[in-house]
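Shared between the two complexes below is chain A, which has chain B as its partner in the first and chain C in the second.
Now for the complex of A and B:
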């Protein structure tokens, strides 16, 4: 009876879509399994040292950082999303878009910029000193430690929450919000009683992206001197030359991630979030007088701190060092950065759409599948890099007979010296970014349309192209922006997996910043920011055209 | 289950993936393709480097080398430890001929991991004195930086300074600045003390330093100098290289910082000042050995060394090479005398001591 059921289910679900999903999952899983295999090796004395002196501290710091950043990004992201979606006030149309801009600044660049700007030689203290003859205690303005990191992460990662929540509120919540308003609820009550519960999947989706980002971060935390599990992975590996203990720590990090997943799953158990099928846009209410000014000031301050101030600071530094640093190789850098990012992003989106479509069946198997393909995001870049490298080198050895037949020489490294390796690295790391955006898209359209189409006798593939794809176009676009920008900003994978003579803007920035040459790093930082912004603009324009 | 249903999406997906991957390998990396194809046809025309030194001055050297010899230089930059890991995993198949990095401890580690091979060249031996080469000739020094004591010109007289050990004394309580123990520079410094003074004294030293912290370690070497200027502390342990960068900054505020501090070479009467050495080594499975040796010979030549020192404020390893004015003004100093291998050997112990003493 039971086996029959299973066989029937398998027959029902097993098709080409599944095969592609499984292939994607295997590509992602292999390097990760490689990491996990370290757990089963015997712990060495380094591990005992780590456990005795460090682990408690690392875990505590990591949790504090994640919780604080989670809370603050949620506060900032959700309130801004609500204000922008539901109200009209001066410059709102600008802020709607402008509040995404902090995402264009890589967090490690933001940390360098703020720290230097507020430091002793920075513009704030030197102006006070030179113009007003006032030396403020420079310790007060020091951006460091956990408070500094939370400040940077909040200001530059909140757009994840903002973007996803806003998109949701603008298109999906209209009926509920208008009803509540009609029934005489005050704005605050509407926010608490309707908006918050309704947009929970979107908010949580955004926060989870932020948490991933924080957990995998090395640039900011190491620069600001905080020991987290992620920095510990580096220190164990590079300081103690102990890859196994490093991987053991990485495996622990993944345990935390899986824990967060299940916690979230548990909390929303049994609730379904497909909403009204009529996705009418929400009509904003005009804010008058002080309320309008307050909304303007709130958005304005966040925009200034999260984008304009650091951007202008970078411009100044770029002007200062332009003659010394600029040459034509920057053009090549731009080309290489964009090229590798576009290829990787398209690959990620194609596989994301396939897997997300498959996992709509909500079986436990598809749930596991979707968790596998997104797990790469939770692993720090260098660890993925080692996994990918190991797999590619064995692939090359395995293919050696083929190479020698093709006349390429004995046991050469072909794949592991090509750009494919880096692209696969990106694919594993950023699958979650594309996938989550598309999953939200599927979740909010629900299954009604595709079920109707299937009932009417149209196959899964045709249904997908005719019905599903047009419905999730918006999610595709936001998935593209997020993934593309992420890849342009990515550092450790690019450092380790790129072929000879291949540099990206991020690696160039790192080259300077790592050497404490913050001013010299400004030009490549600016180029990353400009590319990110342009990609948002272009896709926004495409989005508008598509709507028309 | 009909076959078309099974295969249509599969074919579409595979086709897409293959096309994309194809794009990736064909157009994505014009230079990479070249280098992959070259070893067959023009074997003697190139040399491949894995380097952890990300300096413009180095790129300049490689460019000059190509101009002089016609040998093309291909570079992968990365973190030293990641590159070592990569070399280990690539094994015999590696395309890398040379490994370049900062810090003797890392070089010793590369040696321990058996990824290098000895180089013998009269030219190199003449260019670089013996104490700046590996004892087994597995790597050759490229440049050095001294880890010195920077002090406030206003508040500290150089007479008050003497040794690294003296920094643990009562008079510097709450006045000492140094960066985090995650910095390799600090790890190698402590490792050198373990070698020279023994584990117990090294541990006492680290404890004494932690006791005298003006603040919890924060930021890089430049930040320590700025903290002296800001009055947070009076003395800092930092690298000469960063003093050079500060003194040649585009930012007038940084010039003021550089102006407010001076450099003291500690332990001149005793064990000598600690130096960080950058080195270049031939990989065990190098495919272009001759070219690689030529490159080592070039980068240690007087011409290349002068260029490097002038652009990067590092001390040249070639004693014939002239130094820029700033470095010259500091005068000669006595270096620690030790086998750089020991820095690698004691690195782990150093980290353990840091963790135990709470040096963040």
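Now for the complex of A and C:
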């Protein structure tokens, strides 16, 4: 009888939507499994060398970076979130969203901007020398090594912690904070005794996002000369052409990711307080006198350092190099970036919509499915890149007889030298961005309309096009823009998986910076930043809508 | 002739939880109006979702007009069961007008007959003047009538109603309830209605059952109900 029931239930669920979802999940899972399988293959000489002399250093640097960035972004993000959520002071409304703007500057662009700006010939030192006749010790201002990377990561990634913590404090903590105030506790005590413990899951959530960014980074660490596992993956691949060792390194990085995943569970365990569902917005307390000025200065300094100063510096450089850089090749660059981003985004959204629709059934299958398709976001770009590359090379070997029959030569690399590889990489990495936006849309509309449609004799597919799609249109648009922007900014995947002579704005910017043509890199940097600001604005608008 | 036959129905939300509905049986004849009463969590709405195919039972059989729609080896999708449903909050499609909402379920009908059917339905619920309005432009009572018209338009074999009066004001409720039951009688519709209000049942149901009690198999007539009260 049990098998009968299983057969009945499978028959009930089995349809085109299910099959497409399954294919999407396999495409995402395959490269990851491929990387893990490399552990069981026989190691080569390169790997023995890496393991004996280098691996310890790579792992140590990676962990130091993660820990220090985690601590500093938490400090900055949580204090700013608390000040903005709980207090009123001059320009607070502006800072509320202005403090998200550092996210629009990709960290590798921030790194070369700061390094050049604070360098010997940069604006800071030359102004001090020429205007004030003051010779500062260059070492004090040097942005390099781990301290430089932590400085850049903290200043430009803290908004993840700030955004999530602020949203939590503004919407769900009101009753507790007001009670603590009524019970006569001082602001500092309220912060330590009530705010911090309650918002721990939100803070941890924000820090984890920061950590994923740091682990997947290639731009900052390679530019500042730090050897991490991610940079090592690039070196073994491009320097030694050793995919096998690169895969082993990726597997090591995966071990760290899994460790962080469990650490997150542990940190959140027992801390999921049942919070009152009746949420009122927190009424901010007006800060007077010095306290108000201090809050303004604190937010102002972070905004200046995290956005305005590097942005103005880039504008200045762009003005200097505009005539030289802005030509037809630059237009081609923009076209290529937009082209690959649009195709990838459409692919992501189509599969997101299908999987999110299947996931509405809330069965254990759909739960696992949604976890698989969103897993790419927590996997650093270099790991995805190496997994995709390995799969595509295997595919090319497998298809070699077909190629030869088509007259394409003996064992050529067709797929692994094509743009498809990069698109698949983006698909895996940014599926979560599209999926989450669509899922929010489905959650908002609920199941009642599609159930009503099915009760009127309309099947699942027609129901989707006639009822669901018009209702989730808004989420679809925001999902499209957010995914598009993420892809435009992306660096490691594009560097590793692009075909020969194919550049995106991000890779070109990186290339300029790497060739010490910092000024020339500014126009493409600004273009990326402007596109990213668009995403911040949209996030803000979505936040407002949800609040309403 | 019975339109809905339920035999030994058992349902649980997860394998770890105790069944919400256990070994439940019911038979509803043509044109009968059955009320289902019970406290929240007793499985009233779940029963409707099982009949309509929006949930799947652990065991048991449901037949509609002589066709088995679910058993241990059969599962007919909701859209193919010939069941109409009026949802608790009506679930009128917000992006469609009243007319489009009613037309929605008529896609299998010949094109030329559809317009006539819509007009018939609007007349039945006395909402002829509102066909171009959107759901948010209607009052609660008007929305409920359109939801009923939409559910009846495709001529379902049985109509299921989930707390159809719970979103209405107390003074409105009584008049609308009477109107609704008149419409159903006029249409000679077999109907199962879930409610938590005994007055709804007493007003028009042929008989009622109380879920979440040991004797769910026994029908309680409205008269008997009054004596309980």
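Side notes on the structure shown:
Everything below uses one rule, namely that the second predicted complex is superposed on the first by the 344 of 548 C-alpha atoms of A that agree within 3 Å, B and C clash if a C-alpha of one lies under 4 Å from a C-alpha of the other, contacts with A are read in each partner's own complex, and residues count from 1 in each chain.
Definition applied: a contact is a pair of C-beta atoms (placed from the backbone, for glycine too) under 8 Å apart; a residue touches a chain by one contact, two chains touch by 3 or more.
From a predicted model like this one, the values you see are computed outputs, not experimental measurements.
Chain A is touched at more residues by one of its partners, and among chain B and chain C that partner is B. With both structures placed on the common chain, the touch criterion links A:459 to chain B and to chain C. In the superposition on chain A, A:179 contacts neither chain B nor chain C.
Once chain A of one complex is fitted onto chain A of the other, the partner contacts of A:147 are absent, as it touches neither chain B nor chain C.
Contacts of A:41 after superposition on the shared chain: neither chain B nor chain C is touched. Within the superposed three-chain model, A:470 lies in touch with chain C and out of touch with chain B [touch as defined at top]. Taken together, the two complexes place residues 11, 459-460 of chain A in contact with chain B and also with chain C. Of all residues in chain C, those touching chain A in their complex are 52-54, 56, 58-59, 72-75, 77-80, 82-85, 87, 89, 91-95, 104-105, 107-108, 150-151, 154. The touching residues of chain A, counted against chain B in their complex, run 11, 14-17, 19-20, 46, 49, 53-54, 115, 119-122, 125-126, 135, 138-139, 142, 144-145, 222, 224-225, 227, 231, 235, 237-241, 243, 320-321, 324, 339-340, 343, 346-347, 350-351, 354, 382, 385-386, 389-390, 393, 396-397, 408-409, 411-414, 416-420, 423, 459-461, 464, 495-496, 498-503, 507, 510-512, 514-517, 519. On the chain A side of its complex with chain C, the touching residues are 1, 4-5, 7-9, 11-12, 448-449, 451-460, 462, 466-467, 470-471. By the touch rule above, chain B contacts chain A in their complex via residues 1, 5-14, 16-17, 20-21, 23-25, 27-29, 31-32, 35-36, 39-40, 48, 54-55, 74-82, 85-86, 89-95, 109, 180, 182, 184, 187, 215-223, 226-227, 229-232, 242, 245, 249-251, 253-254, 256-257, 347-348, 351-352, 355-356, 360.
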